[in-house]
Each structure stands twice: as C-alpha cells, then as structure tokens.
Amino acid sequence: MDEIQRKLQQNSKATREDHLGRTICYICIGLIIALVTCILYFIASKGIATFTKDHVNVWQFLTTSNWEPTTMDSKGRPIVGALPMIVTSFSVTLLAALVATPFAIGVAIFMTEISAKRGAKLLQPVIELLVGIPSVVYGFIGLSLIVPFIRHIFGGTGFGILSGTLVLFVMVLPTITTLTVDSLKAVPMHYRQASLALGATRWQTIYKVILRSATPGILTAIIFGMARAFGEALAVQMVIGNALLMPKNLVSPASTLTSKLTTDIGNTVMGTLPNDALWSLALILLLMSLFFNMLVRFIGKRGNIKNAS
Amino acid sequence: MHPKRTDKIATGIIYAVVATVVAILVFLIGYILYNGVPDITWHFLTSQAQSFSAGGGIRDQLFNSLYLLLLTLIISFPIAMGAGIYLAEYAKDNWITDIIRTSIEVLSSLPSVVVGLFGYLLLVNQLNMGFSILSGAIALTFFNLPLLTRNIEESLNSVPNLQKEAGISLGLSDWKTITKIIVPEGLPGILTGVILSSGRVFGEAAALIYTAGQSAPSVSYTNWNIFNANSFLNPMRPAETLAVHIWKVNTEAVTPDAHAISSGSSAVLIIVILIFNLGARFIGNHIYKKMTAAK
Amino acid sequence: MKTYDFNDKYIIDLKSEMAIETENIQVSYGKNQAIFDTSLKFPRFKIISLIGASGSGKSTYLRCLNRMNDKIATVDGKIMYRNVDINDPKTNVYEVRKHIGMVFQRPNPFAKSIRENILFALKENGIHDKNELEERLEMSLQDAALWEEVKDELDTSALALSGGQQQRLCIARSIAMKPDVLLLDEPASALDPISTSKIEDTVQLLSKNLTIIIVTHNMQQASRISDYTAFFHMGHIIEYNQTRKIFTKPKIKATDDYISGDFG
Amino acid sequence: MKKKNIISAILLFGAFIAVLTGCSNNSKSSSSSSDSSASGKITAVGSTALQPLVEKAASNFQKDNSKISITVQGGGSGTGLSQVQDGSVALGNSDIFAESKDGIDAKKLVDHKVAVVGMAPVVNKETGVKNLTMDQLKKIFTGKTTNWKDVGGKDQEITVVNRAEGSGTRATFEDAVLGGDKAVKSQEQDSNGTVQKIVESTPGAISYLAFSYINDKVQAVSINDVKPTDANVETNAWPIWSYEHMYTKGEAKDATAKFLKYMDSSAVQKDLVGKMGYISIHDMKVQKDAKGTVSNK
C-alpha cells in the first residue's frame, strides 16, 4: 500500500480541524439555547408563583382591571388585574409599528432602489446613530417636547398612549428601517432587471416585484421593531403617565407592562405577592414576544410557499 | 391610473417620506447636540462626577461605558460567531434548527428590564458576582447575542457558495474554508452588525441599573493590576455607565446642574458613537483590504 | 419528447491503466433520483468529455468524483481511486480532493491576491518552504498559460482579472496542488471564444501529466479536445466511446439524435 | 429551585465565570475576618434617595480607612431590605421602617437611623395655590376634589401625580395625609427628579417631593399655614417626614460598625446631611416609631 492510499484512509489535520470547528459551533449554539431555556425557566417559575403560591386566578389576572396587590378581596385573594397594562402595551406597540412601518419602508426603498449610492451613504450612519441614542434621552426629549406638544393640541396632561407611540415611533424606526433595507437588498438583482426589461415602471417593479419578494423579510423587520417597542421601558415610562387605569383615549395617562415593572420592582420584597405579581407581568411580556415570533414564522412560511408556487 | 403617473406619484411620496424622516433625525440629533455641546468642556470630560454640587464631570462614566462595551464584545462576539457559523454553514433545514432560530428570536425580543432583573438575580445574587462590570457585560451579552448571531449568519450567507466550493475542492477542511475564506469576505457585513449592536449596548441603561450598578467608585487609572479593587481594569467593580448616569442624574440625584450634565452626557454619547462608527468602518475596510489584498 | 430505452447503451471496455473507476453510482436529491447505475472507467492521462442535455446529470456525476456532493445529495456506489473506494464515508475526503481537483463553471477566485490564490491552500496543507512555494506558483501559472500576463502583478487582487484570466487562475490554483485528476465543470461556458480557446489549449497541455474529466455543453469542444466522450441522458449513461467514434459513428440512436441536433 | 438555577447557570457560563465567582467569594470571606483594624468590603444597597448621601459619606470615610472598600448601590428600599435580610449585603438602605414592609422579618434586623427627610406637597406654579388645609389635601389625593377653584385656585382641573406604590415617599405621605383612605388612581412616578419635572411642566399638577428636590420652579404648599421647613419638621409641626434607615442583619460588626458610627458622627450629621437637603438626626426634638406614633425625645 503506498503513501497516498494510506493517507486516503487516515484522518488528517483537516479532519481534526473540522471536528474542532463543529464542536465549537455546537458549543456556541448550545450556550445560546441553554441561556434561553434558563431565562424562560427562571421567568416562568417566578411568574407562575402568583398563581400557584398566592392562588390568584389566571383569568382574573388577565381580565380584571384593579391592581392592588396589598389588599385582599372578599375571598382573601389579592386583587391583581393586569388588563389595563396589557391593553396599553398592545396599543402603543401596534400603533408605533403602524406609524413607523410606512416611513421605514419608504426610507428603505429610497436607500436601496432610488438613491442606492448617495442616499444610503448619507442615511446609513445617521440611522445607526439613532440606535445608539439611549432610551433615557428619548424619554427626556419626549417629556420636554412631545408631552407639551400633545397637551397643547389635545388638552389634558399630554401623558398617554399617543405620546408613548410617538416616542416609540422614533425609537423603532431605525430598527425596522435597517432590517427592511437588508431584506430589500437580498432581492436578487435579476428580479429588478427582468421586471424593468418587461417594460414595468420603477414603481411597478418596486411594488409588484421587490416588495412582494421581500415581504417575509419586511415582516420580520416589523416584528423586531415591535419587540423593541414592547420591551422598551425607560422612555415609555416617562411619557405614558403610569396610571393604572384602563386607557379611555389616546391622551389619558396609562401604564404599560414594562413601565409598571420598572417603577415598582425596586420597592417590593423578593418572594412576596407584590413582587411575584410583577414577575407575572414579565412572564406576560415574554409570552407575548413568543407569540409575536410564532406569528411572524407562520406568516413567513406562508409567504415563502406563495413565492415558490 | 396610468402607470407612469403612478410611478411619479409614488416616487414623490417616497421622497416626502424620506424628507420627513431626515427632518426628524436632523432635528433630534441637532436638538441633542445643540443643547449638549456647549456643556462639553475638557474639565467635564476629565473630572469625577459630583453627587450634590455643580461642576461634576463624566470621566469615570465614559470610561466605564467603553470598558463595558469592550467586555461585552469580548464575551458575545465569539459565541455569536460560532452560532452564526453554525446557522449559516452547518444547520440542516429541520425542526431542531427551527427551535434554535426561535430561541434566538425570543432572546432578541426580551425586554431589557427583564434581562436586567434576570441578570440581577442570577449573576449578582446567585453567582455572587455582585454589581460589577462583568455582571453588566454578561447581561448585555444576552441581547447582543441574537443581534450579532443573526447578522453574522446573514453576512456569511451573502458570500457566494462558489467560494466555499473553491475552498473545499482544494482539500481544505470546511472549518478552514469558513474561517479563512468565507468569514473574511463577510467581514464588512459582520462589522456593520457589530457597530449597530454596539450602539445599542452603549445606550442601554435599563439592564445595567440592576447589574453593573449605578455608582462609580473612584478608581485609579494608573493601577494596571486587574485583580486590584482600585484598578480601572478590574471587571469585578461596580460601574455606572454614561447612559445610566444620564438616567440617574435626571431622575434621582440632586445635582444642581443636572440638566447641563445630562444634555452634555447625551451629546458626548452621540459623539462617541459617531467616532466609533466611523472608526469601525475605517478599520473594517482596512482589515478587508489587508486580508484580501485588494487594491 | 422522444423516449429512449435506457437499456440500450454502449460502454467501451477499456484495458489501459485507470485513473478512476466508478461502479453503480446512484445519486438522489431527497426522493428525486438524479443518476442511475452509472459505471465508467477513466483512463490515465486522457481527456474525457461528459456531454448531454441540461439536467442529464453529467455535472452531478462529475461532482461525485471528488465528493463535492457530500451534504447535498445521497451518493451510493463505489468510486475506485488507487484501489481505494473514495465514496466510502470513512475515506478522508480532504485527501481525496487534494488528488482530485476541480474547476467550476463560474470563475471563483478568492478575494485575495493572485499569489495568495495559488499559495493559500498549499500553505494550509503544510508547505512552507519559500522556494518550493515560488516554484509551484510559477509552474502552475505557466501551465495555465497565465504567467506572462500576470507575473508583474502577482500581489494585486485576483478580482481585478478578466473572466477568462480568473478561470485560468482557478485552473492554476487547482494544478498547484499537483493533483492526479482534474475535474472541469463546463469551465468555458461563461467565457468568450478567445478565452475559451486559451482554456482548451491549457487543458490539452495539462493532459500530459493529468487525467482530465470535463463536462461540456459545447460538442465542438468535446470533439476538439477529448480522447473519450460519455453521453448522458436523463441520469443514465447512454454511450461511452472514443470521441472520434461517438461523433462520427454513434452506436446508439439517442446519441446520434443528440449530436445531430435532432433531440428532445 | 435554587439548585437548578445554579446548575443551569454553571452550564451557561462554564469555567470562565467559575473563576471569577471564586474571586468574588474570596473577597467576601475576607470581610468576615474579625480583624480589629477593620478591613474589608461593605456593600450597601437600597433606597435611591439615600444613595447619594451614603456614597459621599463612604468616599470621605475611605480616605481615612483605605483598607475598607464600600460599594453603594440603589435598587429601591424593597431591594435593600430583602437583600440585607438574605445576608447578601451588609447594609440595607431604606426609606421606610422594616416593620411596614411585607415579607421582611423586622426582628432580625437592626435599625440605624441616619437622617430625617421632610416632604411637602408641590403644585404647578400656575394653579395659584400656596396653602391647603390637611382636609383639602386629603380630598385632592383621594379624588374627591378635582378642580383647583374648589380650594381657592384657578378654574383648572387637578392632575394628581402620585409616587410608585410601595415607595417610601408614598408610604410616608399617605400615613400623614390620607389616614387610611385609598388614593385616587392616577399617574405614578418613581423618582423625585421626574416628579419635579412633571409638576413643573404640567398645568394643574400636584404631587409631593422631598425637601431637597423642591426648587423655585415648583410651588411648595403650606399645610394649615405651616410652612415646610426643617425647623417645623424638627418639632413635628410639619407632620410629613420620615427617617432614612440603614439596616444590618443582627448587630453591626467590624468595618460595618465603624462605618455606621461614622454616619452618626458630626462630620456627617452636621455637614453632609444638611448639604444633601436632609435633616440631621441629632437636631430632631421628637421621635417617631414604626407605627407612626410621635413622642418627645
């Protein structure tokens, strides 16, 4: 048997390298999964305590609107109803995404289709810069500019869902824009060329070809933006008003899950009901973001199938 | 409607949208800089913070922010790299990959408050790490990871498959092909991702209040012993970052010149991020050129 | 579409020394079978063309020969090289590829300098002797007929070269490894006629020391350069014979139809 | 659960963290050594209102006691109390008595009162109100009075800005003003700075602030014509005030005891406490117990 034959049948440095590389990758991905499991387990176990240990009715927790964890109702159960916060959280998130999406898509189209060189070169760094502005700063700008503005126009205190929406709109804009730009860029060049060659106008190409095939990507972008809006705490807390009331309209003070969580967590004692109840809010936050993820996967898959057929 | 006219109208609308967004951005950044830049002095940048008298600086906070960012990247980048490579090169299209992707997305959508509280209980309390830069860096890693991983995966996927075939057809291992050929080609994309996520890390406050803490004990910048409590390099010391400082000055502290400090800090923060962005771009291009020897 | 009987095939029986032999190769992508029962022998130091319509499986088959289909498709059967079945999962695939090189349809130089393109894999494979590296660099570029054109700009980016030059660089990169067999997957299909003829010259020159298996769409090319030709149709090998015979007196109807353009 | 958490944590961060955990454990054990020269590490966690005072005091203290390193953190009174009860920190800073916090066993904790803080209602300047009776104040905060004209101000709706539930400031205010009634549901804010800013800018707003946060941009309100001043607090003429506490688990020892002694010294009480806008514990002519009963000293 010659040297080459022997080498062919033996492991070499390359084989070992590959094993090592694979192992490293598996460890990394394993680490992330372990981390997620750990957080999920941790928050779930904390959040469920309200219902198992303190015997709060889950349904009541989700559908009633009184939050007074230190007082008991007639059956001796603590009064904790998170409905106003759930409603408010959803409202600001959806509204912010609704307002931000057209802007984000417009800017993304501008950056990829209309002025791919100069526009992108100018806008990209600015948008990246916006991501870096701390939420506290957004909050204070909101407090000193947006709240008085809203008060001036609609009366009332100016605190409320509308102010929250406007602050969040600016905050999620860069996230949605950047990801949309990525998904538009991912549309192969020949789609554009083919469409334009068929005599379609630029707008027809953008609308019928590019946006269509980038839809799953854009949806992901929106979801990522919503996730940021949903989890945002400090900025929203400053402009939403933090009133534990069902929001009557867009300009009455309200409270989101995160604003309640940040405001109160330091004032409660670990292991007591007021603390557990706050962790239940965190659990709701988590479950909602899970739900959003599932939704986007579902839509993404449907979109792909449509595109393929 | 006539397609040509639709085209014109649509283009007009897009220009209007872009103009609006640009106006908002310019106004925001202009507002922050206009209010803040006059407060930035050499003294402001190089002196210690004062809790209840005017004239405090942000030296320690600025350093802490940078150090924390560095540590976060040191911890999260390799993990994200491995995970990104896994997803781009090794993952098969099956339910396990699906679960992995879902977990990453879940991680990315975790509210920073929740991450902060999780970090507080696990790192600060259970693992006895206390309020420290390291706790903060690990907490920040939690949401830096998904952003980076996604970005690395995308950057690697954007490198044509032909390159991988070229590598392995020469008898190189998959690993070598990935690390020496595909990764360098994806590097500019990866760097952009790192910049973007760094911006987020830099401005993060909610997660740090509960992990890195909100006090900045005086440290010695001449003590290079990483294990010494006074050393500026000690990762086990508590550290207030610039973003947390802005939060604290505005909400709690009784500093008389709170407004000036917070607007000055905000401006510094934005300027640092700007320098960082430009610098990273420059270095990225440089590395790319060097690695690819493209002229 | 005309239908042909796949049992109606002709495969020449070769006696000389073989570079590679395949036995009953079957390839499938998931449930779709792409290659059926293909057994061929490739004599050493010859040029063998694989021809056939698009989707006939010739490229898929070629890629099996240095295991480029790993992870993409399931490949069954034996591929004998130096009395080793290189399709055995236990065989060291990286060693296989060192001896059986491949050049692809589209030029794919690394985003590195010309010099690094050639030397990168050599260095990674443990060759560090400066003289040896320089020697191989020049030798391979000479053999690929590229040396004269690039010798003064070895340190510029390979991406600055023209398409034809890039493809010859890819050939040079492969032969710098001193392979036994070189697989070419339609190497000239993306190139202009002048570049194509340069590649053809290169290939003929190389066959003095190498066995070359080339997939091509271009029948003139096959007839010009190759010693043997194999005709693939719908995943089956239909006819394998000396090139001269295939193009003048094909034994099978399907081959005849394909060559005369009366096909499909 | 604790065990599981630890296991998953170890899984997570592996040896890297283990090493550092080791480091921090070492530093912890050094604090328990009963060295008479008092060295070690003290961590004080809790009330954000008290944090600046303790921080400043700590940095002054360390100038003379370089072997002792003190870390001061916020996190809220609840956090401070639960952490000192768990034994994970040496000092728990709190705005309220441990007795009034659910889930805290006050018997295990030792109270060290370090300062007194007075609080006053503040209103937006345009309301035109400078004085309220206790009853009017109560009606406003329970939502019975909703317009400023009913209490002698402009015809303007009242916007109540309350403090976060469970915060020390709110507990003190409600004890003194509401007398067991429930506050109207309204905006809540956690921090003094934000409340100050909101009252300053929102027409018709009312809230309450610690004395040190009251500036000329908001209107402090007298109650029953008594002005919110330090002197009035010292005699309990102004009834809305509370202690700032530093709790230890059991009696304080070594370094911690030394630091607490320093907090009580005139260096801190005469100088720092006043600068911070607090009232020195030494100046008080009355005392209050956990149930809110006030007696002469």
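Which chain is which? They are A, B, C and D, in the order written, and residues in each are numbered from 1.
One rule holds in what follows: a contact is a pair of C-beta atoms (placed from the backbone, for glycine too) under 8 Å apart; a residue touches a chain by one contact, two chains touch by 3 or more.
Keep in mind that what you see is a predicted model, and the values were worked out from it rather than measured.
Q: By label order, what chains touch chain A and chain B together?
A: The common neighbours are C, D.
Q: Pick the chain whose C-alpha centre of mass, unweighted, sits closest to the average of all protein C-alpha coordinates shown.
A: Taking the mean of C-alpha atoms per chain, the most central one is B.
Q: Using C-alpha centres only, name the chain that sits farthest from chain C.
A: D
Q: State, to the nearest whole Å, the distance from the C-alpha centre of chain A to the C-alpha centre of chain D.
A: Roughly 35 Å, centre to centre.
Q: How big is the gap, in whole Å, between where the Cα atoms of chain B centre and where those of chain C centre?
A: Here the centre of chain C sits 48 Å away from the centre of chain B.
Q: What is the distance in Å between the mean C-alpha positions of chain B and chain D?
A: The answer is 34 Å.
Q: Measuring from the mean C-alpha position of chain C to the mean C-alpha position of chain D, what distance in angstrom results?
A: 80
Q: Would you mind listing the residues of chain A that make contact with two or more other chains?
A: As it turns out, chain A has residues touching two or more other chains at 13-15, 31, 35, 37-38, 42, 262, 265.
Q: Residues of chain C that contact two or more other chains, please.
A: 94-96
Q: If you look at chain B, which of its residues touch at least two other chains?
A: In chain B, the residues touching two or more other chains are 122, 171-173, 176, 250.
Q: Would you identify the shape of the chain contact graph, picking one of line, ring, star, complete or other?
A: other
Q: Which pairs of chains touch one another in this structure?
A: Once each pair is checked, the touching ones are A-B, A-C, A-D, B-C, B-D.
Q: Per the contact definition, I'd like the list of chain D residues that touch chain A in the complex.
A: Where chain D meets chain A, its residues are 1, 4-5, 8-9, 11-12, 48, 74-79, 81-82, 86, 101-104, 159, 164-168, 185-190, 194, 197-198, 201-203, 205.
Q: Which residues of chain A touch chain C in the complex?
A: Against chain C, chain A makes touches at 2, 4-5, 7-15.
Q: Applying the document's contact rule, which stretches of chain B touch chain A when the two form their complex?
A: 3-4, 6-7, 10-11, 13-15, 17-18, 20-22, 24-25, 28-29, 31-32, 78-83, 85-87, 89-90, 98-100, 102-115, 117-118, 121-122, 142, 145-146, 149, 154, 158, 171-176, 178-179, 195-196, 198-200, 202-206, 242-243, 246-247, 250, 262, 266, 269-270, 273-274, 277-278
Q: Taking the complex as given, what residues does chain B use to touch chain D?
A: Per the touch definition, chain B meets chain D at residues 51-53, 122, 125-132, 134, 138, 209-210, 213-215, 217-218, 227, 229, 235-236, 238, 248-254, 258.
Q: Taking the touch rule as given, give the residues of chain B at its contact with chain C in the complex, in rising order.
A: So the residues of chain B in touch with chain C come to 160, 162-163, 165-173, 176, 180-181, 184-185, 291-295.
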